[in-house]
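What follows is a set of structures for review.
Shared between the two complexes below is subunit A, which has subunit B as its partner in the first and subunit C in the second.
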Partner chain A sequence: MKIQSLDPRITRSEIELEKPFDEAKELDQWQTYEVFHQTKRGQQHQHVGCVHAPNAEMALLFAKEVYGRRGLCVNLWVAKSSNIFATDYEDADIFECEEVKTYRDPGYYKVMDRIKAFKEKQQSI
Partner chain B sequence: MNISEKGFEAIKDLLYKMADDQLIIGHRNSEWTGLGPVLEEDIAFSSMAQDKLGHSQALYDVLSQMGEGDPDTIAFMRNAEQFHCCHLVEYPIGEYEFSLMRHFFFDNAELLRFEMLADSSFEPLSFIAKKIKGEIKYHSMHADIWISQLGSASEESKIRMQNALNETFPLALGVFEKGIFEDVLKSEGIFEGEDVLKERWMSAVSQIIEKAGLKLPEVNSITPSLGGRRGKHTEYLQPLLDEMTEVFRIDPSAEW
Partner chain C sequence: MYGNAYIDPDQTPNKLTQDEDPARLAEFEARIEGGDKIEPKDWMPKEYRKQLIRMIEQHAHSEIIGALPEGTWITRAPGFRRKLALMAKVQDEVGHAQLLYSAAETLGKSREEMINDLISGKSKYSNVFNYPAETWADTAIISWLIDAGAIVNQLANSKGSYGPYCRALERICVEESFHLKYGHDNVVFLATGTKTQREMVQDALIRWWKPVMHFFGPSDNISVHTKTLMKWKVKMASNDEMRQTFLNMYVPKIWDLGLVIPDPNLKKNESTGLWEYTEPDWEEFKRVINGDGPCNKERLAVRKYAEEKGRWVRKALLRKDAEYVTPLV
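Take a look at the complex of A and B:
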């Protein structure tokens, strides 16, 4: 018995129902490349995702269609995922910030001024 | 430069063959959607197939403005004998190397044809040529990179690519079959002609093929697959049209 599908391409392929697929082989995938796009000349590139590719040239080729085809892109970078160095999630506590030290954040004073002014205004009404 | 009445007939003939090529290869290549070799390539190939349909629509629009009827009707209501596409675009998708090699030969010809048409005396055509320049540049870039990649990847890929090349080359030469208005197109500055295009194409593709480690057959020893431009098609076109137009023909007046 061969597969009869509504998709004529599947029917044409004459796939046997008894043994429809080859046995899965061990993974032999291409490496991944991280993709960065730039929306405007002069702006910083931003990470948008990754693609599988055998080399950088083909990674750029795929990245263009996968991430750059809806306009808003003037330039693409790709970098082998294996070339990215990263922190361990085990060390995520290094990013924790104590509440009392928020005065060390760049946005602290400006925002607090505004909040205080808003509160005072509310009380005076 | 003023275009004569005969010139307009010549333009229609040119537009038909270009638009039909785009429509048919677009439909063929879309048959890979969902079945492509890897996800990224599936997306890229499908997207390019969609571009091709867009290009055909732009050309059918011009024909429509010249009095040839509604673009959908032109695209979906003709029989095989009324089509002007070349044999290369009609063949079934085959194995992936066949589709890639066809894409390579076809899109390199497209790139050069539209480059030439950017200077056409017929303004609507030069406008389209400039507008779709970037898309076609990507299409040929995509094809060129795949050819050089697979020409040297492994023993198997090399053999497969060379066989696909031998199979597609006579079909590819059929792209340059002249229509009956060839001289008019040239004398009225509409299009420089198929001979010039073919010469430029030969020099472009032979460079890439050589770099990829593949061999181009001796052109003079090959019989080009001709007839498509005059309505003589392969056995593959009519079944494609039947499938492509199946839904449209249920109710041609339906609003989409």
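Take a look at the complex of A and C:
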């Protein structure tokens, strides 16, 4: 017998090589869930990517397979991508700090200069 | 493993950016020049989006099809430990495809469209997976040298400009380091074993040297198009540069095991520091990439079978209120 293929799937499942494909339709691969993982207790959860899943339980299962391998994860969150609201990079200027607001920076407060000056003044009396 | 941008050398370069708003284009290029990453909702030139979709999609397909030649050996792995390790590696590859499909989706192409284009032959995948893994030693050579080639490529691309692709690649590279060590271990085991084992790995190396040399693709036509894609950090190194990096790292390791590389012209030119080799048969490369390789049909048939046979499960679980939105990644 001539071996048709080295792939056991070809022979055992009797896969036809030339069969036309019934194309995948919209949502064939379900919707997406965004995945957040925690690498260690005490750390914050971080966004790592997404999975396609039919519901949250299965999203967690797939997230464990894709993002939780090799012991680099202790906890996972998933949320539907459609439930995440995000700011637009075009509006990034809302985060810009104005220079006049330096009174909010610790470096703005230079008490030592005043204390030093005060002490020098006292000594000279 | 396994992505590499194939850039169409026939594309007319002046069409690349002619419809783009010059001010936005300048701002976009300045951002990349400054080392910033581009994120999915940022403005980007149409050609940037198109090339990235093609490249990331090809990479994803290569991961999923790339799992097949090695996957055929899971049932016949010599020993339980090797079977478990091979299963872990193959599962990693399929996981990499998941990450890459998601990255491509952020650019606006749905996963269903990508699957359809893979199976219809419209999208390509890495040519090397159209060759069979004839013996166990072939899987060892694939895991070592093809994954090594993939790492060279992926490390370069992970410094590219598109945020979601870079993040996926960083995650992938961590797992690839296990594949490389696993493959090397398998090759070393055979190469330091009995006469039969040595012959087996030597034969596999002879079979796979051509696909390995094909892996990075033909020399780039240094056109305006290529230069633009390099400026946009879509393509991070030329095919020849990556091939040189690979040869420099791995030829000495192969020779170290007393194995013979089937190219009498392969040597390092000490004055230029570059490797010289017989030019691979690029006609065969083109023929195989266009469908006429030893395994093209069965690779797609297996993928098609899996898609079709799994469909009823996906359909049964699909909720009526499901709604697709582009993922964030």
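Heads up, the rule we're going with is that the second predicted complex is superposed on the first by the 66 of 125 C-alpha atoms of A that agree within 3 Å, B and C clash if a C-alpha of one lies under 4 Å from a C-alpha of the other, contacts with A are read in each partner's own complex, and residues count from 1 in each chain.
The rule is short, and it goes like this: contacts are C-beta pairs under 8 Å (C-beta built on N, C-alpha and C of every residue); 3 or more make two chains touch, one makes a residue touch a chain.
Only a predicted model underlies this, so the values are computations on that prediction, with no experimental measurement involved.
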item: Touched partner set for A:Glu65, first subunit B, second subunit C, both or neither; value: both
item: Contacts of A:Trp30 with subunit B and subunit C, given as first, second, both or neither; value: both
item: Contacts of A:His47 with subunit B and subunit C, given as first, second, both or neither; value: second
item: Partner chain(s) touched by A:Glu57 [first = subunit B, second = subunit C, both, neither]; value: first
item: Partner chain(s) touched by A:Glu18 [first = subunit B, second = subunit C, both, neither]; value: second
item: More subunit A residues in contact - subunit B or subunit C; value: C
item: First, second, both or neither for A:Ala79, with subunit B first and subunit C second; value: neither
item: Intersection of the subunit A residues that touch subunit B with those that touch subunit C; value: 8-9, 30, 51-52, 54-55, 58, 65-66, 69
item: For the subunit A and subunit B complex, residues of the former touching the latter; value: 8-9, 30, 51-55, 57-58, 61-62, 64-66, 69
item: Subunit A contact footprint on subunit B (complex, rising order); value: 31, 35, 38-41, 43-44, 47-48, 138, 141-142, 145, 149, 153, 243
item: Residues of subunit A that touch subunit C when the two form their complex; value: 5-10, 13, 15-19, 21-32, 34, 47-52, 54-55, 58, 65-66, 69-70, 81-82, 84, 86, 88-89
item: Subunit A-touching residues of subunit C, taken from the complex the two chains share; value: 39, 41-42, 68, 71-72, 75, 91-92, 95, 98-99, 102, 105, 110-112, 115-116, 119-120, 132-134, 167-168, 171, 174-175, 295, 297-298, 301-302, 304-305, 307-308, 311, 314-315, 317-319, 322-329
